[in-house]
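Quick heads-up: structures coming right below.
Two complexes are shown next, each including chain A; its partner changes from chain B in the first to chain C in the second.
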Partner chain A sequence: MKARVAVLVFPGTNSEEETRDLLIDCGADARIVHWSEAASLVYYDAFVLPGGFAYEDRIRAGAIAAHDAMLDAVIEGAQAGKYIMGICNGAQILLEAGLAPGTGDIRRPTAAFTHNAQGHFICERVLLRRTVAATRCAIAAALPENLLIPAWAAHGEGRLAAVPSHLEEIENGDFIVFRYADVTGATDAHFAPQGSALGAAALTNREGNVLAIMPHPERDAWNFNHLDRSEGNDPLAPSGGSVLFKSFVTALERR
Partner chain B sequence: MRNSSSNCRRGPSLPDLAVAELDDEALRARADSLGLALRVDELRSIAERLGRAPSLVELYAFDAQWSEHCSYKSSRALLGRLPTSGPDVVLGPAEDAGILHLGEHEGERYGIVIAHESHNHPSQVVPFEGAATGIGGIVRDVLCMGAEVVAVADPLRFGNVDPANEHQRAVARGVVDGIAAYGNAIGVPNIAGDCYFDRDFDDNVLVNVVALGLVKESEVIHSRVPRHGADFVLLLVGKATDASGFGGASFSSVALDAQEAQSNKGAVQVPDPFLKNVIMRASYRVFSVLRERGVEVGFKDLGAGGIMGCSAELCSAGGFGAEIDLDTVNVAVDRLLPEVIAVGETQERLLWALPEEIVDEVERIYNEEFSLPQVAQNARAVRIGRATAEQKYRLRHRGELVMDVPIDFLTGTVRDTLPAEAPVPPTMRREREILCEGTLDDLFHEILAHRDVCSRAPLYRHYDAVVRGRTVIPRGEADAGVLAPIRGSRLAFALSVGGNPRIGRIDPQRAAELAVYESARKVVAVGGEPIGLTDCLNYGSPRDPRQYGELVAGVDGLARAARGFGLAYVSGNVSLYNAAANGHAIPASPIVACVGRLADVSRCVTPPLKEVGSHLYLIGETQRALGGSVLASILGLADEAAPEIDMERVVSEHRFILAAAREGLLQSARAISNGGLLVTLAEMSFGCVAARRAPIGIELDGSVGWSSVGRNESLFGEWGGIVVEVARGDTERFEALAESLESVREIGTTTAEPLLAFEDEAWEIADLQRSWSRPLEELFP
Partner chain C sequence: MKERAFAVELKIPDNEAYTAMRALQRLGVEVARVQRADILVFNREESDERLGEIIERDERLFNPNKHRLERLLDMHPRAGEVWIEMLDAPRSAPLRRLVGWRLFDHAGNPLGDADLDAACARLLCNPAIERAIR
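Now for the complex of A and B:
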C-alpha cells in the first residue's frame, strides 16, 4: 500500500497543488488537507507543509500557523517518529513550532528563517547539496552523495538566524541537511542568496525525521520546468528537484 | 425632501440635487462641491430622463457608471474598429475577460482566459497600493469566468529614475513592491512583462496588468444573470465594505493634479492578498459544486462603481433589473453613507447570481468551509438582493428607496463625439555617415547599459515567477513567459507584451502596429503560435484634439496590424487622461499582450546558446530606420522615422520559424527588440551563464554590418526579426525548410571562445555582461 501523505493547507498557503502532484508522481498517496479538516490528520503516515503565506506571515512567517490546530497533529506525529517535511513557509512553520532544529521546547523556537538580507522577496534559481551523512536525516537518506539539487529560492524571509550559541549547536549537531552550493558543488555562506547563517538551506531535528527546507525543489521538478536540462524525452516526467521527494517517499516505504 | 412617500411613482427619498432649478454655473459649482465629474449636460439629461431631481446616491451611481473608466465614452466608437473574432476566439471582449482556445486534452477543450487592464492613476498617487490592487482586480476578472488563475504579467512605464529624481524612484520601487506583495501572496506566477524608463512618465506612470486563467470551455461562467434568472439571488462575497475606493472610477477619468493627488488618496483601494488567496480557493470549490449540480449562474468582479456597477451590469447583461438592500451588505464600519456602500470600490469582492436552491451551499463554502469571517474582519458571503424581471435598478437603505432608475439608462452606451487631430510622424531617414560618431565599442556598451535594454533581473527577482510549479520559462529568461497549465498534458502557452514609448512619441499609428508585431514576434521566438491579443490603450486627454488624435491613430494601427497577422483582440482596456495638470501627456502608449499556443511543450525554444559550432541565422529584413531606437535616443535624433512592417513577409517568417521549432531544428532563438541585433546576440550568450553552462561565444560574418542599410542600423536598428541557432548537422534541413523565403540569412557561428567577434572587434562576453547586468541594481538593490 502506498504511504498516505497529507499536504496541509492553512489560510494563505499557495503551493499545495504542485506539492501534492509531485508527491503523487513520486509514488505517494498524497492528499490536500484543509484547515477545517484538521481532525482527519491522524489517519496519515506523513505530513508535508507546503509554501505560501500562512496567516499572512503576521508577527513572523510561520508564527501563527505554528499554533494552528493542524500543528497539534503534526507535533504529535513528529514525536511519534512520522516523517514531516516543510517547504518554504512550511519550513518557517516547523521552526516556529520548535520541530526543527528541535533543540528547545515545542513552540519555543531556537532559530528562525527571517527577513532576507536584501530586505525584500527574492525569486532565484539555487543549487543545494546535502552536507550531512546520508543516515543523519531519513527523508534525505536516499539521495546520491554529492548530488546537486536544483530548486528555487522564492521567499522574503529565508535567512536562518539564531543566537550564536544556538547556531553553534546547529552547526556542530549536523542539523544543516542542505546548504546552498555553486555549480561545482562547493558550499559557502555567501552562496546563500538571502544571507542565511552558515549558508543553511534546510534543517532537520535530532531524530532526523523532520526536514525544514527553505527553497522549493518542487518548482524545478519536472522536465518541462527545465527543458535545457531535460532527463529523457518526456517533458512531463519528474526530474531535477523531484529527487528529494523521491527520497522522502522511499523513506516512507522503507519504514 | 420633495417626494411624498405615499406617491407610488416617487423618486428616492434622500437629499437630491435640484438640477432643473440651477443655471449651468451654479450646477457646475454644486457638482464640483459634491466631487462629481459628471458634466452639466449629463446632469441635465439624467434629471430629464428620470423626470425629477436625482438623489445623491443616483448621482454618484451615474458618476461612476458614465465615467470614462466604466463607459468608454470617448473610445467605444473607435474600439469597434478592432477585429474581435477568429477561429481561436472562444469569447470576445464582451465580458470581464476574453477566452482563447488553447487546445484539447483527454477529449476536453481548454480555453485561456485573459484580461488586461491599467492601474495607472492609483499607482501614481499611492504606488504600492495602486499597483497591488491592479493585480488584485485583474485576477478577479479572470476568476469570475470560472477559471483557475494561472499567470499574471505587467508592462510598466516609469519616469526618469536618475538618482536625483527621488520621487520617480520611490514610485518605481513602490509599484514593484506592490505587484510583488500581492502576486506572490495569492500564489500566481508573474511570467511576463516589460519595463521602460522615460521622463515623459514622470507625472504619470503606467502600470498595466494582465492575468491569465485556465478553463474548460464547457465550464465557462458568464458575467451575466442567465436567461432563466429572474429572482436569482445576488450573493456578495468578500471583504467587508468600507469607505476606501469611493470615487475610484471617476478619479481614473480625470487628469492628475499634483496638488490634488493628496486628496485623491481616499479614492485608492486597499489590497488584501491574504483574503484573496482564500476567496480564490473557496471559489474554485464553488465551481466544482456548480459543475456537479449542473447549475447555470452568473459571476462578476466588483471593480469600478462597486456594488452598484457590478450588480447593474451583471443583471442588465442578462436582460434583468435588480433590487438590492444596502443594509444587508457586510460593512467594516457603521453609519456608512448609502452612496459609499453603493459605489465605493472596496477590494476583494465578487458578486454571484445564483438560483435559490444553491445559495445556502455556496454561503456555507465561503463562510464555514473556508471561514472567511475568521480570515478577515467581517468578510463573508451574504445575500444582498435579487435580479428582477422589471427593468429597474433599485437600491434601498434603512427601508427607504434611495435609487430607482431604468437599468438600461444606467448601463447603456454613452458616447462622446470628439474632434481629433491626426498626428504627423517624421519621415526623415538620415544618411548613414552621420551616425558613425564614437567608436563602436563605446556605443555598444552604452546601449547595453541603457535602462531600456539592460538586465531586468534586479526588478523581476521581486516577483514569484514559479509558484504553482508549472512554469516552463520564467520571467526575464526569454522574450515570453511559458507555462504548461494542465497536469498530464504537453499543451503550453506563451505570453508576451509589446509597446515602445520611444516609438509612441514619434509615430502613434506605427507604435501600435509595432506593439502587435513585437508581442507576436516574442511569442514566436519561444516556439509559440500566436492565437490572440489583448490591448491596453494608454493615452492623454480625449478633450485635447491632438492627444485624442493619437488614440484614433493607435486604434487604427492596432486594427491594421492584427488583421495583417490574422489575430483578434479578446480583451482590453482604455486608460485616458494620462496627463499632468499642465497638459503634458504621456507618449502614445498602446500596449499589447499576445498569447501563443505550444501543442507540445518539449518544442519550446529558449534563448541561451546551446552548442559550439552551431550556425546563427537572422530571419527578418534590415531596414533604414532608426526612429524610436535606443541608438537614436543616445544620439539625440528625435525626428527619425519609425520602422515599417511588411506584414505579409513577417507572417511567412513566423510560419517558417514555428515549423522549424516543431521539427526540432532550433537550438535557441531570440527576438530582436530594444537595442537591436548585437544586443540580442549578446543576450543569447549571457543566457549560458544563467543556465549554469560555460559561456558560448559568437563569431559574426563581416557581411552583417555592411548590408544595404549601413552598419549602425544593421547592428542597432530596431526593425524586428528573430535570431536562431541551428545545430551544424541540421543546417541543410533548416535551409530546405526556408525554401523561397528571402529574409533568412546566415550571420555567424557559435564558438568555444567566450567572445562576441565582429570584424576587428572581439568583445569579452563577461565585459559585455557587466555593462548589461548592473544598471538597475542601484534602483532595485
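Now for the complex of A and C:
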C-alpha cells in the first residue's frame, strides 16, 4: 500500500499542486488537505508543508500558521514519529512551531528563517549537499553521499538566525541536514545567497523525523523546469530536485 | 543627537492586527482590541517637523491615503504596548524600524503586564531573532 502523505494548505500557500504531483510521481498517495480539514490528518502517514505565504506572513513568516489547529495534528504526528517536511514557508512554519531544530519547547522557537541579509527577495538556483550522516535524518537517508541537489532559493526570509548559543547547539548537534554548496560540493557560509548562518539550507530535529528546508527542490524536479532542456527533451522526466522527494517516500516505504 | 520616535499607523481597517487579536485569543490571551504601528526611531539632527516631512515624503514609509503619523512624546512604549525589534538591527542606525503592538482589554483599558508578557511569549516576539521592548 502506498504511503499516505498530506500536503497542507493554509490561506496563502501557493506551491501545493507541484508538491503533491511530485510526491505522486515518487510513489506516494499524496493529497491536498486544507486548513479547515485538520481532523482528517489523523489518517495520514506523513505531512508536507509547501511554500507560499501562509496567512500573508502576518506578524512573522509562519507565525500564525504555527498556531493553527492544523499544526496541532502536525505536532502530535511529529511527536509520534511521523515524517514531516516543510519547504520554504513550510520550513518557516516548522521553526516557528518549535519542531525544528526542536531544541526548545513546542511553539517556543529557538531559531528562525528570517529576512535575507540583502534586505530583499531573491530567486536563484542553488546546490545543496547533505552534511550529516545518512542515519541522522530519515527523510534524507536514501540520498547518495555527496550528491548535489539543485533547488530554487526563492524567498525574502531565508536566512537562518538564532542567538549564538543556539547556533552553537545547532552546529554541534548535527541539526543542519543540507548546506549551500558550490559545483565542486564544497560548503561554506558564503555560498548561502541570503547570508544564512552556518551556510544552512535545511534543519532537522533531535529525532531526525522533521526536515525544514528553505530552497524549493520541487521547482527543479522535472525537465520542464529547465527552459534550456539541458537535462533532456522529455518534459516530464524527473530532474535533480526530485531525488529528495524520492528519498522522503523511500523512508516512508521502509517503515 | 537626540532620539525621536514616530508611529505610522493604518487609518483603514488593519487586517494584520485583527489576525493577531484572533490568534492571541485562541492562545488564551484576554485581549479585545489590537493596534499595530510601524515605530520609526530617528537618531538624526533634523527638527521634529523636518523628520515628519521626511516620513511623509517617503512612500516606502508612509501612504497618506492609508496612514496617519504621530510623533511619540516618549521613547518608550505606552501602557499595554510592546515594541518588537530585530536582535541584529544596528542600534546606532540613523533610522530604526520597529513594530509596535498595543493591546486593550474588554473594558478598553491597556492590557496588564502579565497578559502582555504572555502575548509576547506566545506570539508577538520570537526571541531567537527579536527582542520585546516594554
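Convention: the second predicted complex is superposed on the first by the 248 of 255 C-alpha atoms of A that agree within 3 Å, B and C clash if a C-alpha of one lies under 4 Å from a C-alpha of the other, contacts with A are read in each partner's own complex, and residues count from 1 in each chain.
Here, contacts are C-beta pairs under 8 Å (C-beta built on N, C-alpha and C of every residue); 3 or more make two chains touch, one makes a residue touch a chain.
No experiment lies behind these values; they were computed from the predicted model shown.
**Q** With the two structures overlaid on chain A, would chain B and chain C clash, or do they fit side by side?
**A** fit
**Q** Counting only touches as set out at the top, which of chain B and chain C does A:253 meet: first, second, both, neither?
**A** neither
**Q** Is A:56 contacted by the first partner chain B, the second partner chain C, both or neither?
**A** both
**Q** According to the stated criteria, A:123 is in contact with first (chain B), second (chain C), both, or neither; which is it?
**A** After superposing on A, A:123 lies in contact with chain B but is clear of chain C.
**Q** Once both structures sit on top of one another, what is the angle chain B-chain A-chain C taken between CA centres, to the nearest 10 degrees?
**A** 70
**Q** Would you sort A:14 into first (chain B), second (chain C), both or neither based on which partner it touches?
**A** It touches chain B, and chain C stays clear.
**Q** Thinking of the overlay built on chain A, is A:162 touched by chain B (first), by chain C (second), by both, or by neither?
**A** second
**Q** So, A:110: does it touch chain B (first), chain C (second), both, or neither?
**A** Second partner only, chain C.
**Q** For the three-chain arrangement built by superposition, which of chain B and chain C touches the greater number of chain A residues?
**A** Counted on chain A, the partner with more touching residues turns out to be B.
**Q** Upon superposition of the two complexes, what minimum C-alpha distance (Å) separates chain B from chain C?
**A** 6
**Q** Residue overlap on chain A between the chain B contact set and the chain C contact set?
**A** Looking at chain A, the two contact sets intersect at 55-56.
**Q** Can you tell me which positions in chain A touch chain C when the two form their complex?
**A** For this pair, the touching residues of chain A are 55-56, 58-60, 63-64, 67, 96, 107-112, 114-115, 161-163, 166.
**Q** Going by the contact rule at the top, pick out the chain B residues touching chain A in the complex.
**A** Where chain B meets chain A, its residues are 177, 180-181, 184-187, 273-274, 277-278, 281, 368-371, 374-375, 460-472, 474, 484, 487-490, 492, 600-602, 604, 606, 608, 610, 690-692, 781.
**Q** Can you list the chain A residues touching chain B in their complex?
**A** Chain A residues touching chain B: 9, 11-15, 17-19, 21-22, 34-36, 51-53, 55-56, 118, 120-125, 127, 152, 154, 156, 183, 216, 218-225, 227-230, 233, 235-236.
**Q** In the complex formed with chain A, which residues of chain C make contact?
**A** 15-16, 19-20, 23, 26-27, 86-88, 121-124, 126-130
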